[in-house]
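In the two assemblies presented below, subunit A is common to both, partnered first by subunit B and then by subunit C.
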Partner chain A sequence: MSGKGHTFKRGGTHPPEMKELCDSSSYSILPNPELLTIATAQHIGAPAKAVVKNRDELTAGQLVAEAGGFVSANIHTPVKGIVRGLDMVHIGPVNSPCVNVKPADDADNVPGYEQDAPALDLGKYEPKEIIDVIKQHGIVGMGGATFPTHVKLSPPPGVKMDVLVLNGAECEPYLTSDDCLMRNHPVQIIEGTRAVMKACGIEKAVIGIENNKPEAIRILKEACAGIGGIEIMPCVTRYPQGSEKHLIETTVGRCVPPGKLPFAVGVVVQNVSTVAAVYEALQYGRPLNRRIVSVTGRAVKNPQNVLAPVGTSVKDLLEFCGGVKEELVEVVMGGPMMGRATSDITEPTTKGTSGILFLGKDEVVVRDEDPCIRCGNCVEACPMGLVPTEIMGYAATERFPEAIDAMDCIECGTCAYVCPSNRRLVHWIRLAKWELGRIRRREQMKQDQEAKAAK
Partner chain B sequence: MWSVVIALAPAALAACWFFGLRALMVIIGATLACVVFEYLLLRIRTNHEKALKLSIDGSAVITGILLAMNLPASSPWWLVVIGALIAMLLGKHLFGGLGQNIFNPALVARVFLLLAFPAEMTIWTKAQGIDKFANLDAVTTATPLGIIKSDGMEAFGAWMVESGTNLWSMLIGTTAGSLGETSALLLLVGGLFLIFKGYIKWYVPVSFIATVFVLTGLMWLIKPDSYASPVLHILSAGLILGAFFMATDMVTTPVSAKGMVVFGIGCGLITAVIRLFGAFPEGVSFAILIMNGLTPLIDTYTRPKKFGAEKVLRGEAHA
Partner chain C sequence: MMEMLIPAGVMGGLGLLLAGALFAAAKKFYVFEDPRIGQVEDLLPGANCGGCGKAGCKAFAEMLVAGEDGNCPVASAESMEAIAEVLGKKLGGADPIVAHVMCEGLKSSANFNGLYEGIHDCRAAHLVGQVDRACSYGCIGLGSCVEACAFDAIEIYNGIARVIPENCVACNACVEMCPRDIIVMIPKGRQVFIPCKSLDAGKVVTKVCELGCIGCKKCVKVCPSDAIEFENNLARIITEKCTSCYECVDACPRHIIKVRDLSDFVVTEKDMKLSFDSVAAAAWAKRAEEKAAEEKAKLAAGGEDPEIAAKRAKFQKALDDARAKAQGDPEYAKKLPKIEEGFLKKLDALGPAPKATDIDPELAEKRAKIERALADARDKAASDPEYAKKFPAIEAGFKKKLAALDPTSKAAEHDAKEGS
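After this line comes the complex of A and B, so read on.
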């Protein structure tokens, strides 16, 4: 915990920030790589269905895969090029179909965000139309969860939303991509916010930013001066400040009940990068097919923020940033707390890849698990009020139904971070979640079969 | 774990100063015996390398020192060895080793020895100073709480004058007792060191000692001629040792802050009741062991409130 500002009440921790490695005052635009691997299952929900064939010629921003259901998203090629095969690719644990696109020789690089972006003329849109534009342009949550934005903005009937919370906390150590966008392109964020407010009929918006980003706070405050209804709220630098539920508690003072979505307290949360993508779609008709990625860590030569097309491989980003300068121990997609290590440097980025960490040997500690000594550090640190050690105990002894509290876990990793015995608590909790999901599906199947037999 | 050893060191050294070479032998003997038994018992389950690594990870050393602190300086060598075996076998490894035991191993051993060998366990050598270290036939005497229990407050007052005991000498540690029951001050220093370093949390020691203070103080106010003052109760016997070093053993105590407070209050309550009304002069070890047994129950009922939940949910499914 450090500095003044608002924050959430329970648990949390403050790992070393490490943000100084990756400068957030500017970003570079990646020259087109040899090949883009565009996964079609890179968001939460049904995979998109490819609508192009091998050897099709594509124009920049052309639809390559269309949403495979309501909870799904369209996918567009970032650059002009030619389809070089429909294949499969691993995005972490997900084996996803993908469209390989070879950028044309004369293809332009992805466009940067405009410096003199104009204000949106919101008068010409109906709320429904804004949501439709968001849906058409394949916008998903860019904080990492990649939940389709048009679904998030369409509450179930009877739900009234009155506050829009913008997530600029960026509480993960190392990452500076949101900070970079906030410092360089405040207009896109403020205008995108206004568009989302209009789409949901919301009068009030709060942008929560951790106070370790004073420049972003200052610039956004200046940018929204004179625009009513948008408040910039500095938050204490404390992990996991950027968790959806904790950011709502901090900024609005409401607590989302267990198992419920922010709808339950009349709030909708969007990442700052996501609303900037909304602006880009409305103003320039650009689909979400590029994003700022923090390429950082001590093992990479020139850590920096890179505006890269979605589908760029880890290898291409590493080469652009000068390659490795010391022994590379681990590559992590996302932040160090919630990200996942990858062993495949051809893995492509997705719409949710806010950073890629190339960690050297001082940054990775590999130690065996010692027995749990019930010290209670994880209980004190859990921001969700769970007892992580107990869930781990049930998971490790395969008593999964008793590990039901795992379903409330946000997998922030605070428990594992504070554990003196180096227990892989999140690993066990995720295992419990996975097994509980299987048990639930099996029961559902049994019920369906019985219903069928009864007919 | 080694910081617990560091925290115990001043009080252990003071015990050697007050009780002489015998005390040092008891401490070294208990520690060595615990480490050896830990290794042998681990060896049943695992290979040599792993057993060696685990037996010197510090936990057996702590159990050994704590066991020694619970023994009188006059303990014969076989008492120490049996104590170490009981601590490691019954206290720890029958439950599955580190992290799995329900009861504090050192206290299991102490209570076993107290019940099995009451005579050897209650020969209290008078604390005399290091210069008398060669005197194996040291003068024996009674402990303050022992006299209050057996002879009453009046006799205790007379004994205090006769033996030159006062609250100051009890704080420094020149009274009789087990090795770790004497110097309240040095134990307090060690305990506070652990709290400031963040190795233990303050909830248990504070609630434990406060409860003893309040309950004994209440009885003292009602009948000052039959009950000792609360300050004497806090400074005497193993309360400081128990509250800071044994009731804070993470493995055998609750995991949540609320649970730790409940645990400490329970310990204080049982200690006070045994000291004031029970047959034994001292109740800290029984109190902690009883509360160790209640720890799973306390854990169940002091679950933290889930984020956003209106009330505490006890293992109830919701999603």
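After this line comes the complex of A and C, so read on.
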């Protein structure tokens, strides 16, 4: 834990930051790749439904798939091009239908963020209209969870929200994409924040940034000087500072009860990239179809932040960054703590891909699981106050109903990181979560059937 | 004396009193329980496996006695008969079912693209979408189903789960365990099915597995009974409609449609490679025979497209007419060679005329062989005087054989036999 300041109370750890690998002072724009694979299930909730046919010609920003329900999001093509087949794509465990778009020869690259972005004229929007624009432009949480933003901003009736928390903590090692955006485009973030505040009728916003990003803190502080209601709060560099619940605890001092959403304590949390996307949608009518991706790790030749269209394959990004310079051991989508290893380099990026790590052999430790030595490190480190080893024990012996604590786990990976026996604690807990979900679904199905039979 | 009798009397009296109270209570609070429940429960295996869908054997027995129908997947046929007798019912003709793994992407046929280092459990591997095998729908092969099976009816063979049908009691445990829903219950007995669950497009399937359905729809087109449904790049055979005509087995360009007798069939790697087993092989042989017979019939009937035959007849007739005309007309005779050439060219273009024959190709082959041998013998006789002496006898033998092969002269054959 570096220095004193605002932070959360329980657990946590401080892994090596490794952020120096990927320079956050600037980013490059990716030239259009040969083919974009745009998954229709790249957000939480129902997959979007494709609205284009094979060989359709698309203009940049055209809708290719529309939301398949309330908790779902529209999806737009980033570039002008032609549809080259509707297929299936595999993003980790998700088998998603996808739209393949071949960019036209004369298609422009995705536009960069504007340097001299004007302030928003918020007077002309009703709060409802802002949420509607967010919904139309397919904006989802860009921190990684990809929860549709319009749903997050529409609380159930009777809930009063009074604080907007902006997540600029970026506590995952290696990743610098949010830092890059904050340093280069503070206006987009501040103006987007004001728009979201207006949409929710909130007067106060706090931007939480870990104190290992002094430049971003300085630039944002300068940018919001003279704008009321927005506070920049440097936080201690400590993992998982960027977890929604821990950031609320740090910045507002409220504790979200187990199983509840931040609504319950009157807070709404947004990632800084998400509010920048809100600004772009309002100011330029631009849908969320591109994002800054940190391409980093010791195995890649020129680690850097790349503004890439959604649907770019891992391979294209790797080639753009100069390819591999040493033996590539593992490719991780997302950060090293919560990210997911992939073996398929044709896998496309999504709206939630904040980074891709190409890890060399000195960065990856492959060791078998040793027996638990009951040292209690995981219990001390768990920021949610759980007993990871106990949950793992239940999961390993198929006693899933007793592993109900798993539902409170945020899968931050701290327990597995501190475990001296290299136990796959998070993996076991995820398995328990999944099985609990399956058990619940089966019970639901049984009840439905019985209800049907009773009729 | 009295010291002993008093306690004995007191205890005896107390005993009688309490016995009476118990007797009265038993009469007063008597609850009737169908004795058949106990009997049925005794006949059931008592494994409490839940395969019938009830909480245990007792619950199942209660259900049966209450008059509902059900099936215990574990009980043998004899004990089910005994239960039916207790209940005064007849055994229904429910088809026995068996679990089957709808993926045959063995290590030898499915490609690998990564190294999975996580928990040794299919569900966990599926959760992170990171398995050794490249197919996102196929068997993961870490054996969670094997652990779930209480009857040793499933094993991992060469990296893939396979069911041992004689042990399988259809308790559904493996079906519920499999995170990719690859294991399904299908009726025992002969089945035609497509062991693939991949919803990927054909080009992806060809990349990741040799034995995957590429969604070409050929089987759907050839099926005469509409028994193959096609959805999301995957063909599926509807068991109830399938008439086992094996048209799809023939038509599948990847040879993945299987015919199996699942009552006693065990898959081996060889089967997987050849893509059909002995049952299928027999079916194939039968079909090949039928096809050969069809060809033969066609050959006997002239073996030619009637259209081409008609054209040929037309040209031949015109040529004959022209020749006949030339004989009577000297002027025309001068032009004849050119006309003849034209017609002959046209005839050539139609290809050689088929020999109108009903000779069995096998017999023809035999005859050719004998004729070759005869010619060899004749050559030898010409150069070798010793051999020439023997030659007439040898020639006669060959000729006899040839006569026997001639189907038109059954009589000759008969004579030859009589003669010898």
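The rule is simple: the second predicted complex is superposed on the first by the 454 of 455 C-alpha atoms of A that agree within 3 Å, B and C clash if a C-alpha of one lies under 4 Å from a C-alpha of the other, contacts with A are read in each partner's own complex, and residues count from 1 in each chain.
By our rule, a residue touches a chain if its C-beta (ideal position, glycine included) is under 8 Å from a C-beta of that chain, and two chains touch if they have at least 3 such contacts.
As the structure is a prediction and not an experimental result, all values here were calculated from the model.
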Joint occupancy of subunit A by subunit B and subunit C, clash or fit: fit
Following superposition on chain A: angle at subunit A, subunit B versus subunit C, Cα, nearest 10°: 90
Partner chain(s) touched by A:260 [first = subunit B, second = subunit C, both, neither]: first
Touched partner set for A:157, first subunit B, second subunit C, both or neither: neither
Per-residue contact with subunit A, leading partner among subunit C and subunit B: B
Which superposed partner A:428 touches (first subunit B, second subunit C, both, neither): second
Which of subunit B and subunit C A:10 touches, first, second, both or neither: first
Partner chain(s) touched by A:374 [first = subunit B, second = subunit C, both, neither]: first
Touching partner for A:228 - first (subunit B), second (subunit C), both, neither: neither
First, second, both or neither for A:408, with subunit B first and subunit C second: first
Shortest span in Å between Cα atoms of subunit B and of subunit C, once chain A is used as the common reference: 18
List of subunit A residues in touch with subunit B within their complex: 10, 245-246, 255-260, 371-376, 379-380, 382-387, 389-390, 402, 404-405, 407-408
Contact set on subunit A toward subunit C in their complex: 85, 87-88, 90-95, 340-344, 366, 369, 424, 427-428, 430-431, 434-435
Footprint of subunit A on subunit C - complex, ascending: 113-115, 117-119, 121, 123-124, 126-130, 134, 136-137, 199-201, 204, 233
Of subunit B, residues touching subunit A in the complex: 97-100, 201, 250-257, 260, 299, 303-310, 313, 315-319
